[in-house]
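Structures are listed in the sections that come next.
What follows is a pair of complexes built around subunit A, which joins subunit B in one and subunit C in the other.
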Partner chain A sequence: MTELLQILISGLSAGAIYALAAVGFTLLWQASQTINFAQGEFVMIPAFIALALITKLGFPVWLAFIAAILLSIVFLGAVFKRLVVEPMISHGTLPLVIATIALGLLLKEAVKEFYSPLGQPFPGLFSHDTISVFGAAVSFADIANFVVAMGVIAGLQWFLNKTRTGRCMQATAQNPDVAQILGVDIKRMVLYTFLINGALAAIASILITPVYLAKFSNGEVLGLVAFIAAIVGGFNQIKGALVGGLLIGVIDNLSAVYISAEYRQAVPMILLILIIMVRPQGIMGESEGRAV
Partner chain B sequence: MIKKFTTTVSAVALATVAGMATADVRIADVAELSGAGAAAGAVWHDGIVMAFEEINASGGILGEKVDLVAYDSQTDPQNSRAMVQKAIDEGTYVLMGTVYSSSTVVNMLVAQQNGMPQLTGSESPTITAKGNPYIFRTAFGAQKGMPKIGSYLKDGLGAKNIAVIWANTEFGKGGHDAFVKIAEGMGMNIIADVPTEQAQVDFAADVAKIKSSGADAIFAYMTEEESARFLIEAKKQGVDLPIAGDTVLISQKVIDLAGGAAEGAFGHVGLTAEAPIPAIQEMAKNFQAKFGYGADHNAIKGYLGAYTVKYVTEKIGSFDAEKFAETMHGLCLDAASHPGVLMDVCWDDTGEMSRASFLVEVKDNKQQITKTLPAN
Partner chain C sequence: MKHFAKFFPLIALAALVFAPLGQGNYIIYVLCSWLLFSVAAMGLNLTLGYAGQVSLAQASFMGIGAYITALFQLAGYHWIVGAPIAILSTFMIGLLLGYPALRVQHHFLAFVTLAFNTLVFLVLRNEEWLTGGSFGLVGMERPSFFGVSTMKQLPFYYFSLVVFVIAAAKFAWIINSPWGRAFKALRENPIRAQSLGVDTKRITLLAFAIGSAYGGAAGALMSPLVQFIEPGSFGLIHSLKLLLMVVVGGAGYFYGPMLGAAVVILLPEFLRFTEGYYLMIYAALVIVLMVYSPSGLIGLGSKIAARFRPQKQTRKDMNQGAQL
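And then the complex of A and B:
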């Protein structure tokens, strides 16, 4: 029982971070039909921005993290939209998918070439000291990761549902033509979505990298997990990405312990196939509706 | 016109002859410069770079400068095989690398077929058990360290039930099989046997499994980054069991990556920059000054491997690959007259090596030597 509890807690902690990346994935699709296969690299990059600021420029850790989030918003949000998405989107979804795959490769290889191919230690915001919860040792880092990730997603939901800008973003996602007729600046709303994705990726990066280590190849794992989480949860709903992220985090850990450590990576893929066969819109998704 | 043509041809011919007279000896290093094994391969390569720079600065080998050429295996066995073939086709004298056993077991066949001596950093027991007369280690196989760790766990700590976590690769499987055989032979029980994947990033489930297994101690046998991630997760889950390993777990690279999470880990190392040997400490100091990071066992392996090429070539008096391989079998080099090998070392007929080694424990984020063990 203690083992199960331990696995559930660890899975939820990791899953909450996966959910951040998956939510960003979903947001971009909703707002601009961008399937961003560089999302994993978007989560990998901010850690290296922070590391560079700490090690090369002597920034204190907290300031480096804030700067990494801001720079991610600019480069992984606005610049990505301007230089990659806008020129490609008029050619359809598939060319844009290929462009994001290429961007992911470029980012990965650039980090390998210009920073290091080696894994790097990365400072954590939270202590790894533990407390006992019904016999399971739970680290403050796990609790904090979960709380921060859930808090960010809850804040995002509040922003989208309770603010005028958020509702304009929803309207843009649901029907951009009607939104424009109603006076919504849809270009600005789409830009906001990209900026939010940059911030989500940076927060996920800062939370997960102390455990995963900063490594150029981290995006391979994180991108795949975010994609699966978004599909499993429901590609057209933020709450779907949230459920998908948590589910993948828990299932990955449960399968490693109770099914097979060797095939742990296969289990989420099997889940993905089952979901596509049984409920193509995902667990929380709706057949046609779109909402950010 | 004819005069101009003759002059040109003469100039080209002279340049060619001059070029031949000063031709460098080409030595290839096929290493994990990127991919999951970069933490090992890149450091190994830097050790080789430093050694050959020293060798060239002091006159080269038999009067010829070494032209070191790096080939990136990308930590992919099939790519490493292609790179070894490329290195041979491009005229390497001997071959350095690879470090990852999964690659070496594949690419050593190419070197063997081409009669190419190969100095590897790999530690899987299988490497020297295949009857390949051209393979030579720069660090001894994992099977040599296991009895020492087994004895320490059983007699030093009184452990009876051991959890084993290991990389499901050629390297990991070799170390796992060697340790399990020794541990069971000593009467200890393997109470949890947890394989992990190369480049695995999430160890939460593996640690949870070990934690609930009822083990008295943990034996961890993975590569650098995976070892660090495991140690971080073990700390995160409050694991307070003794964690033992061979070479990698307590290497400085892992200590640096894991931060405080490596504290208290212990094990057996064949080579360490902390060894109480002035030549190694001098090498480590120079390495730190040159590359800006600390030398670990892989850097030392690469370094002494490069010097081995120099000493053996000077012993045979020519750049003869076949003679090189013949000479290496049964060869002993003492550090007093061959300072580049850093410690007295011998190779047997299989290419396996013997050398003194150390028991270490991680204290204050540094390796602390607890015992020096004689060569076996």
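And then the complex of A and C:
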């Protein structure tokens, strides 16, 4: 029982971080029909920005983290939108998919060549001391990661639902034409979405990298998990991405222990295929209505 | 120009026959792998470029083909026994993978195929009793035909070339047959295709199955060429690379995937001085290419050619393609 509790808690903690990446992914999809295949690399890069600032320029850790988040907002948000998404959006979905795949490759290779092909230790925000929760030994970092990630998502939900800008963003996502007629500056709203995605990716990066090492190939797994979480939960819902992220985190940890470590990765994949076949709109999602 | 188009295949074939003469073993090896990846990319071109079904699993079909061929070869059978079984199996598995495409489209389909690729990779890595696990399989002999061994690099090149030409000829036949037109109809407007009597369900499945069989054929070539196969060569990243090949060359054009494969396989050899940066330069160029010409290099070429050639006005309603 305590083992199960332990697994559940560490699963939820990882899942909450996955949810951050997945929420960003769904936001981009809603606002601009962008499927970002480089999302995994977007989660990998900020950790290296922070590392470079700490080791090369001697920044203190907290300042490096803040700088990494700001730089991610600028580069993974605004510059990504301006240089990659905007020129291509009129060509349809596929060229953009190809371009983001290429972008992912570019980011990964750049880190490998210019930084290091080896895994780098990454400073954690929180201590890894274990504390006892109902007899289960749980690392403090796990709980803190969960709380931070959930806090960020809750804050985002609040921003989208309760502020004027947030509601304008929702309107833009739901129906750009009507939103524009009603006086919403839709270009600006789409830009905000990209900025938020940059920030979410950076936060996810800072939280998850201490768990692994900072490595150029981290994005492969993280990107896949973000896709799966987004689709399993529901591609057009923030709460869907949240549920999907948590679910994948827990299932991943459960299957590592109870099924087999070798086929651990397979379980989320099978879940993905099943969900797409049975309920393409996801667990929480609403059907978008599709021709043919 | 019209005559040029007619004779181009012959000129190209002659060039391919003479290309390896006088070259070192390594260059011939690279040419072989270009032929092989062209075959795989051709298959993906059918699924994606002609039928419009996104597949991110082509590398896994190469893997299945390579492993089946290798297992037959290691069991002592001739390549000619293993390869058709590999192609047939990938055809059947491709047919199965086509079923999700009947339900979901575009990005969802991309994700289903992506998940499939990862599953195949895991099976190849974990089922050690069959696939040798992460150590892979070694010791596949290169086949000999009518007493001629292809053990040396040059004979093997011609063997690959024969397979390549058969594959390409078959491909040309498919896309010019009623099937080929049905594939294009499916891509352009599935509803209209259906209302005109095209069995879209069957055509979708076929697009996957035939495309996958080409992947299997490429895998069947890969096993004797490299003589060492391991799961890492068939991971998701390789499917993505194949997808890039097709789109960079020009999806939906006959020569597109060959050109795309050349950019990925041959060009790095001439650009040795770029060292580790090649992949980065390539990725950056792909992004730029997608901005200026989403239809790939061939599309870019015809765009530039159209700028210099005197314009021929066609009746808009006679235009083929996009507005079908």
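Just so we're on the same page, the second predicted complex is superposed on the first by the 288 of 292 C-alpha atoms of A that agree within 3 Å, B and C clash if a C-alpha of one lies under 4 Å from a C-alpha of the other, contacts with A are read in each partner's own complex, and residues count from 1 in each chain.
The rule is short, and it goes like this: contacts are C-beta pairs under 8 Å (C-beta built on N, C-alpha and C of every residue); 3 or more make two chains touch, one makes a residue touch a chain.
Fair warning: this is a prediction, and the values are worked out from it, not measured in the lab.
Once the two complexes are overlaid through subunit A, subunit B and subunit C fit side by side, free of any clash as defined at the top of the document.
Contacts of A:Glu262 after superposition: both subunit B and subunit C are touched. By the touch criterion defined above, A:Pro95 lies against subunit C but remains apart from subunit B after alignment on the C-alpha atoms of chain A.
Contacts of A:Leu106 after superposition on the shared chain: subunit C is touched, whereas subunit B is not.
Look at A:Leu125: by the touch rule set out above, it reaches neither subunit B nor subunit C. In the superposed model, A:Thr2 lies in contact with subunit B only, and not with subunit C.
Of the two partner chains placed by the overlay, neither subunit B nor subunit C lies in contact with A:Ala78. In the superposed model, A:Ile35 makes contact with subunit C only, not with subunit B. After the two structures are overlaid on chain A, the closest C-alpha atoms of subunit B and subunit C sit 5 Å apart. On subunit A, the surface touched by subunit B in one complex and the surface touched by subunit C in the other have residues 112, 262, 265 in common. Against subunit B, the residues of subunit A that register as touching in their complex are 2-3, 6-7, 10-11, 13-14, 112, 117-121, 128, 130, 137, 139, 141-142, 210-213, 215, 217-218, 221, 252-254, 256-257, 261-262, 264-265.
Those residues of subunit B that touch subunit A in the complex are listed here as 33-36, 38-39, 42, 168, 194-197, 199, 201-202, 204-206, 208-209, 211-212, 224-225, 228-229, 232-233, 235-239, 256-259, 261. Contacts from subunit A toward subunit C in the complex involve residues 35, 37, 84, 87-88, 91-99, 101-103, 105-106, 109-110, 112-113, 220, 224, 227-228, 231, 262-263, 265-266, 269-270, 272-273, 276-277, 280, 290-292. Interface of subunit C with subunit A (complex): residues 54, 100, 103-108, 110-112, 114-116, 118-119, 122, 125-126, 190-191, 236-237, 240, 243-244, 247, 276-277, 279-280, 282-284, 286-287, 290-291, 294.
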